[in-house]
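Below are structures written as structure tokens.
Across the two complexes that follow, chain A remains constant while its partner is chain B and subsequently chain C.
Right after this comes the complex of A and B.
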């Protein structure tokens, strides 16, 4: 193996990537787009629901309740109306997604019965948001009612040892919203690396076949090992740069806590890159058109990573059979590692199992990739 | 070792198709060997076997005494190759291409700059070294490809239809470069389907349907004894005239060349007298009948035609 030849290939490859708009887009644009699209897109958090209020009573109590809506970060009160017609128009026109109607006897109910009913009218065309909005609204009202009643009956209630008249509704998944992003984004880093790495390398040999440069390359004394190493080196660099960018964005922009060691992440990322680049290279050696190769690469990276790595669906909630399948999904090990390094601050020792999994994969894939390309045009 | 390229009973099959059918020949040091033949004759396949791109089905291909199938890498360091399809990197500049191949062939660092400069001069690139290769004109591309192929000073050069699709002036200039390279002791095997280019070679192998039909210098091949004497005939309706003459006694072969006929005959003097009479009897006016020097194309037509006939004979 000759280092000069390897470097010559690496240099040539880098020049070609730099001059190929498609590769450039995959290397630079795709990570940014994925981070922002999925970073914001896959989130259970909703905030600033445009809200319309219809205060029938217009009392001190009703205004106090509405003030809570106004100060909540979940709602943005954009309109106040005086009848149901106005409310309907606001929701139909798409101006608001939620209407809060405070009944004319709100204060009396609250004082006499210790409980209230407030009507929430939800635009249910977006079912998920509607359910969430309704739930949030309920918590705001319950919280208000609870505080009010507690305030008034504080003395007696405590003396009688009576239970709280109303409890704040606290379903877990509402409070989880912020945590969901912390949970998703580290997995997203893995997803982007798999996608970018395999896509770029899937083009590397198929480009030579497609453009007819392979024939000349094979006629030179370059060995298939030199070719593989030379061709993969630039993509290691690009992959690492993309990983650094995604991690920086995760911490700096999305505010995901990073509790582990950079070294742990670097080491495991190199292993993961060896796997995905090897897969892309092996695909590229067998499929001689760029489009075909990139499609297959997508199939082998995007799908298993998105579905079976624990990135979007927790592995321990999968049926046993599927859970068993995830052990052959290489991304599963890396997703586990990245999440643990980010959120738990795990070190190499705690991650020995997934690291071993990646190591085995990297070894196998490297062997497959090295054998996939033969210097022959037959 | 004087014989640089040796083929012995070389056979290459693709499924049922026999692309190379028992080919044997050899080329000596400093010689320019031309492969002439129609498309699909098997020229490229033979060259690709010698470059280690394809494995022969049977037989042996040796470069400087080394069997290509046994040690392809040792062969690759000794050869330069220009493939039929232009195959430098279009998205790299001329200089980037040269540097890439120089490093791949491990051209000594101390000599790298000088050799690249020489290749640039040879290609006549002038100020175009920083232009993307895909933007260069055909003649430049082709000379640059040759420059890349000889950067590492190979002993043997394989050029597969290097001049196809290039204008005549550029072709002429390219052949000058081939001659200059051969003069330095490089052995050249070049394929072409331009008959006129065959005249630039020291020796020619006529190739048809995977076989070497004839080997010899251009002069030897032109003076093919089987060709007999050659006459050129200018007459009306050359198509009909060809049919009449083919079945006439004393005529070996008749073929249309532009708006004339080339006819090979056994007895020149008799034919000159008889042919106008024969054609006149069929109502075809004969304007000129004259003996000519046979060209390579005449020889090729005769040889290939003979082969096609013997094949038909074998079938019946």
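Right after this comes the complex of A and C.
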């Protein structure tokens, strides 16, 4: 192993990246685009749910209840209808996602029986927003019921004890405001590095094959190990710079809390880069056309990282077979680590399982990558 | 003119017939992707890993906790004996939620005072946490209500004196069981169509340029418009076949309902394919090599995908981004696809989306015809 030869290869690779506008775009433009686009575009927080009200009773009580919906920041009452047909049209056409129907005997039942109900019609096309919308509607209605108790039954209620015998005291840890941005953005760092790393390195050998410079390289005294190290060094630097950029943007621009140690993140990032670059290199060594190599690289990184790493869809909700597949998705380990380091402030000890996963991966990939090229020389 | 277009069509289909890997590429990956992503994409919350700490050991505390365990929403992974164990379980990620009942819980309840149930939740995944908290609230409210009415009965409080109850009765339309798959699978159908058709078209044309056959065609009397037609018609047909294939998988494998009219869907697919084909040709006119086309497609398709509302509601985006989504054809296609699959609505509701796709498609195709003319001159 000759450090001078490694450095020479690294310098050559860096010059090539600098002269290739496409590689530059991937290294510089892609992180910026993805961070801003996904950082702003991906949000699960819902507010201002377009709501339609159908007040059959039109009494003081029903108006008081509906006023609570109007003043809640989760709902925006955009329409008031006079029949079910109007309600159906509003929800069918997508104008409203929620319909609140107050029945004609709402307050009569409340006074006579002490219990009454309102109907919520939810557009459940998107089951997730439907669940959240229903939850917010529930809390509006229970707040109304609670205040009714105070107003009208103060005496009885006192005799019965507290109106609410059970008080749920909930505390949210790690992401206190339940902001989906704080949940998405740390994972984005992993996603961007997986993409940039694999896309850039997948070109590194196939470019030489396509341009016919591979024979030249092979005829020099450089060994295949030196070639691999030399070629990957610049991408390590680029990957680290991109990671630093993304983390800085996450903390400085998007205001995501960073509670862990920089050292933990640095160490695991290096490991992850080794895996990503190794995969790109192995692809590049086995597929000799640039277009084929980058397509395969995209196939192996983009969709698995987006869908199967826990980046946005929780792994524990997937069926067992798919859950088993996620163990092969290397981004899964790093996504877990980044999120934990950012939000939980976890250290190396708490992260031993995902780190072990990355270590095993890195070892296997380095072996595969080193072998993949030796074979193709012969 | 018609003759020349037919000649071009025959050429395209001959080329495709000879390309053996294409047949494989067009069949296997889309179906595999649909199946994997159909299963992976879910925001549902079942079996939240939960750690319990019952410091009261009373009948009441056990009854309350058993309501949680029997709901199916929570799965007890650990029964803790101290606060430290609870903290550890959350820190390590072994559990997402902790339910803590402190000593004296039953006593407070029996005295008719407010007894606390402490809930600690790992908010890292804000969505899961929010939904899980909602379920906690529901279960706790149910318990409280039942407990209050037994207490009232025991003390002989009559019905008129009981505190009023106002309940919300939800009705879920279009997706009655709140099945995430019903939301995502039609979305994957739409998204896969876009990725496949744009890539296919742009690569095919750039390839002709790379090989040099594009110049050969251009020196024949074929005009750019005819060339575009000759290129788009085959890919239009392929795109249509792909949609039919993955729709069939969605219906048969995932059993997603299809409530609308196939004609509405077909119209929506046709109009969307105009945009996808226009985009593919446009990309091919600015790229010299397939490699360039690959990178350009990536930078174009990624934003279109993110801003489409595939998984993340457009209404949750910042206002400026919401305006940008108005030019995204996938946004409209998703509404049409989900509208026909789940809502069963027809053209009377979907015409604005169909019109928007037609406008975007015609603009893109027109632009690409202009660019193609220029790049030949």
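Everything below uses one rule, namely that the second predicted complex is superposed on the first by the 240 of 378 C-alpha atoms of A that agree within 3 Å, B and C clash if a C-alpha of one lies under 4 Å from a C-alpha of the other, contacts with A are read in each partner's own complex, and residues count from 1 in each chain.
As a convention for this text, a residue touches a chain if its C-beta (ideal position, glycine included) is under 8 Å from a C-beta of that chain, and two chains touch if they have at least 3 such contacts.
Note that the structure is predicted; figures quoted are calculated from it, not measured.
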item	value
Touched partner set for A:346, first chain B, second chain C, both or neither	second
Touching partner for A:132 - first (chain B), second (chain C), both, neither	second
Contacts of A:92 with chain B and chain C, given as first, second, both or neither	second
Chain B versus chain C as contact partner of A:308, first or second or both or neither	second
Chain touching more of chain A, residue-wise (chain B, chain C)	C
Touched partner set for A:8, first chain B, second chain C, both or neither	first
Which of chain B and chain C A:211 touches, first, second, both or neither	first
Touched partner set for A:221, first chain B, second chain C, both or neither	first
Residues of chain A contacting chain B in one complex and chain C in the other	none
Touching residues on chain B, where the partner in the complex is chain A	48, 51-55, 72-73, 76-77, 79, 81, 83, 85-92, 96, 99-101, 103-106
Complex contacts: residues of chain A adjacent to chain B	2, 4-5, 7-9, 11-12, 15-16, 19-20, 211-216, 218-223, 375-378
Interface residues, chain C side, partner chain A - complex	29, 33, 36-37, 39-47, 49, 64, 90-93, 109, 111-131, 133-134, 136-138, 140-141, 143-144, 147-148, 151-152, 155, 157, 159-176, 178-180, 182-183, 289-292, 294-295, 298-299, 302-303, 306-307, 311-313, 315-318, 321, 335, 338-339, 342-343, 345, 349
Interface residues, chain A side, partner chain C - complex	22, 25-26, 29-30, 33-34, 37-38, 40-48, 50, 65, 91-94, 110, 113-132, 134-135, 137-139, 141-142, 144-145, 148-149, 152-153, 156-157, 159-176, 178-180, 182-183, 290-291, 294-295, 298-299, 303, 307-308, 312-314, 316-319, 321-322, 325, 336, 339-340, 343-344, 346, 350
